[in-house]
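Heads up, there are several structures right after this.
Look for chain A in each of the two complexes below; its partner is chain B in the first and chain C in the second.
Here is the complex of A and B:
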């Protein structure tokens, strides 16, 4: 009897324990990792009428945040390269929308600040830092174009007189729900670089907001579900992995806890190390020459969003039969011509170009002379070679363009495109006026003449990493006219252009002559034996 | 007609296994080189590597066998009667003249064969073997600090390896043809399969012999 009670007690306690255990699991899954519930903060329990008001509230607890952000490229849009070029969005020209200068009110909705509409913007202002654009978790935070990055808290008509009403957003709700950055917050700008979804990069577009495994093996929403910051491991708001300071070759081992690293944590090697191929070890023999991305991103723009491959500004300004600015679309409904921007060529599932890249990128800036010639002006170019010991073969997107320049002063043009004024090209279609305003903004001379020059820019392909089974196969490169056909300075078994022509000629000649010799000899024997019979 | 046991069991196995591997490696090797597509590059490269290791294994056994049995002496070159043999293949073979050489157990190869096989063993094989291993371990090579090899270019290694492959191909063509030059077209091939060679006359003193096998003459 006693043992019976004892056994029952043991059984009951076991059940209780396991029940308690079982209960703790779903709880821990739900448990917020943050120690703060932002809805409970007094500072956030108020109506906000502007972005800076929210930032002020944020700074009441996060006292150092703006000071940190002031030191970032996300804030400064300026970067001095090791080679001494002054880069960053504020200073470079590209062959998409070309330049932010005189277009700040439109372009700078992607600045992490409020109110950068011209040169008078105060880069030392702490309240002008926009916390919400990165830390919003509601998806409701919007920075409409034309308002210099400011947000709308009361319904307003914009542009004035257009009849277009911008709906207000509820800053209080958004502020109370702040959290970590996500693919959505980063993507709000980075997916739309170049002025639209997928336009600029080719390996970043809105399809990465919730990608499947085939599109991105790491960000796979139902799998590893990486956020951008999982690789771009940010400390003190400094986001590593900028393309202005790329790591073309990482010879370090996988980062482990407890060790200090000064190297870029964003590289493949920072997690995967130097010998990531366990099943087919021979593949590890490629990592000294070939960037991981070259094989593991077989194509870019794979998510169903087209990227711009070419942009010809010179054909802009055409009006349709209705007298309105012309717009042309292709069979898929993609815009391939607008009067405001000229002709585009779009691409999906694009096979990248491949180049040696050592991490150095040279830029053609406003101050550089450009010549109109058969060779395109390289807006930027990747440096590197087979022999410099620092280069790997990288996949890149080559963006081709034709854009305005001053044929007398031989300078790339700064074009005032956006803006509801008398000189903005997108509304008035007058190049001379638009360039005059643009050039004046940087204090550059302008001859009054506008011509067009062909340009090329190079973009690293490093996102949209496919699952291993979709990586390139040997024959994609180990062949003539394969993917690496044009990559010089390296012997690729199977690529005919690497062969010593004399050896193949001599070798086959030797074999053929031997064959001819023995056939002749044999023939002689046959003839002789027949004659003898 | 006399029958004489020339090729021992291991020797025959070694010969035919090597023949198959070499032909297979020429086939896969020239695909890797980019001459044609047959298996697909990846498969060709894998098969070529597997066959290479198999052949290296076989060679190690063969080298061991050659030295422990003394068979290596079969390849000691001699100029004795070499002119006679050359004359036979260029003239005598067409006039039904007797072969100036008779194989014996201790002197299997005529002076031309000795020379040809010696070139294969001491020149072409090592060239393929060494360049092939350098090819296979190119990465470790360049990563190493060993003077002389660390700076080797893959292109140079591939060049030597390919050149050696062409030599092997030429040898193979010649060898295949010469295998038909016995007293019947299949006589040599049959001997290489069974080990027994038919000889219509017993070995004669005047036919000469290799310097390495005087004992055979006495017996």
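Here is the complex of A and C:
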């Protein structure tokens, strides 16, 4: 009994100590920004064995959420452009991993759903919407490759027989900690587009999870600390600012609170308006021709993560001296060749290309004919010109590559890459088998022959906005061989291609004549005044 | 003398155990994002400039980090790691270090816990191994 009292005393003092600790802690009195503490909800106080179980719990309060999500490109992976092309990840082909078709179990870990492994996926299912991938705050939510976007709640070996054990995640803990989206949640997919960190975009990679001011003035973790949604202002889960529906030129004013807008909130102008340069007003004269990004993102891939600039699939399939698939690295340890994917060229601190862009993007799709004589094939291309009144000069990343195509049917190839089966290129390194499966999946003919074509794709550069002091200077463009040397249709003083020798000669001749005139006139005056004395 | 565990005794033990578990769980639940920023902007910055390159959390296991942080003999015992997270240290470097400036008033224990949370989470066998800093 005495021990009992002793134990009780110890316990009491421990409780007191922790209470005292809490009271002395000024932050514990800080106002919570959310009105709800998800640890207190009954629906979340249970062990979850799968993603859909969590979603079911979320839907028990957030009754309309899945219906909203079903309307998004994040869910559909399909988008009909104003020009009538059917786009979205389901339909486009690119010059990175090429296509999600037949590779769904691997690629679709970045779908905001559970279980999209083939054409049988139910796009009307509410519980298959993945709430956590966007609303996790713990940073511990994981969707391992190969499981079609499903999560692992009990340790499992994957692929079977590989000895690779996937650690389970604690869905209850993650569900109880949900919150707003963040750079980490959006970045979990968007930083890794193209199959790895920074691979695809060049202006988005993991360095933006916690960037400094030099990398991005808006997202600076110790400064403005913007989340993605600060610009991609979302209502009803419809995230604006998709690359499939770009705004090349925004002639509107800065958005004011309370006013209703239909225009894209992600443009620079939506906050900064039309005349953002207060100190050097001359700069405002550029905004009708030059996108803000052109000067304010002087280089991309600036955060220490390299981006892929070129990908040559045609060299894939080489084995090393040990008979295993070959891997090559550069001096910095970056992978520049793998048997599975071929050769890469990587870039850091890359100076963008510059192009006129009016917001329209044309794509070469599965069904389009491709001529080897007409290279490079433009996987996509930005439209626009100096004179159309809708275009600005934009910075872009041009991704170059060589990829498989069917030389007889003249179509870009859909390649079955991922998958532990006999036809997956990454397992068997056999193009003919892999393309046969890929083409069959879209109902396209395949001749049985595989050749390679050079391709190009274009990506807008719009993140990694540098501090004003690091923006381009006049001489970066107004000089011979400046940044805009190759941009057609516009007169840019100082640029070599706008340099007309005869105009210079004529100008200097006029100046010389003027000087001569002045001197002659002066001399005349002197002589006349002397004579008059 | 035979000791019998009275029901009060058992209850107390249970509660004690529970509160220990709760506080342990709480201890590991610091603000990992704040910890990440402090780690990058204070720890890594000094390591890169003076101490032969960054130290990625995923270079050690959770057990190793826990032992390291509990022993707290940073740089062969020259000064405790806690010192580099202290308010005093932050006040000293805040003119040139934005993280120290922004977090100038965060209580020492709390910030240390944030850094610890980030390191454990990012450990080799942690929930989210962190290599890049």
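Basically, the second predicted complex is superposed on the first by the 469 of 533 C-alpha atoms of A that agree within 3 Å, B and C clash if a C-alpha of one lies under 4 Å from a C-alpha of the other, contacts with A are read in each partner's own complex, and residues count from 1 in each chain.
Going forward, a contact is a pair of C-beta atoms (placed from the backbone, for glycine too) under 8 Å apart; a residue touches a chain by one contact, two chains touch by 3 or more.
This is a predicted model, so every value here is computed, not measured.
> If we overlay the two complexes on their shared chain A, which of chain B and chain C does A:345 touch? Say first, second, both or neither.
neither
> If we overlay the two complexes on their shared chain A, which of chain B and chain C does A:532 touch? Say first, second, both or neither.
first
> Considering only touches as defined above, state whether A:206 meets chain B (first), chain C (second), both or neither.
Once the two structures are laid over each other on A, A:206 reaches chain C alone.
> Is A:254 in contact with chain B, with chain C, with both, or with neither (first, second, both, neither)?
neither
> What does chain C use to touch chain A in their complex?
3, 5-6, 8-9, 12-13, 15-16, 19, 23, 32-33, 36-37, 40-41, 98-99, 101-102, 106-107, 110, 121, 127-128, 132
> Spell out the part of chain A that touches chain B in their complex, as residue ranges.
Interface residues on the chain A side: 282, 284-285, 288, 473-475, 478-480, 490-491, 493-496, 498-500, 503-504, 506-508, 510-511, 514-515, 517-519, 521-522, 524-525, 528, 532.
> Please output the residues of chain B touching chain A within their complex, sorted ascending.
These residues of chain B touch chain A: 32-34, 37, 40-42, 45, 49, 89, 93-96, 138-139, 142-143, 153-155, 158-159, 162-163, 165-167, 169-170, 173-174, 176-178, 180-181.
> Please output the residues of chain A touching chain C within their complex, sorted ascending.
My answer: residues 1, 3-5, 7-8, 10-11, 14-15, 18, 25-27, 138-140, 142, 167, 169, 184, 197, 206-207, 210, 212-213, 221-223, 304-305.
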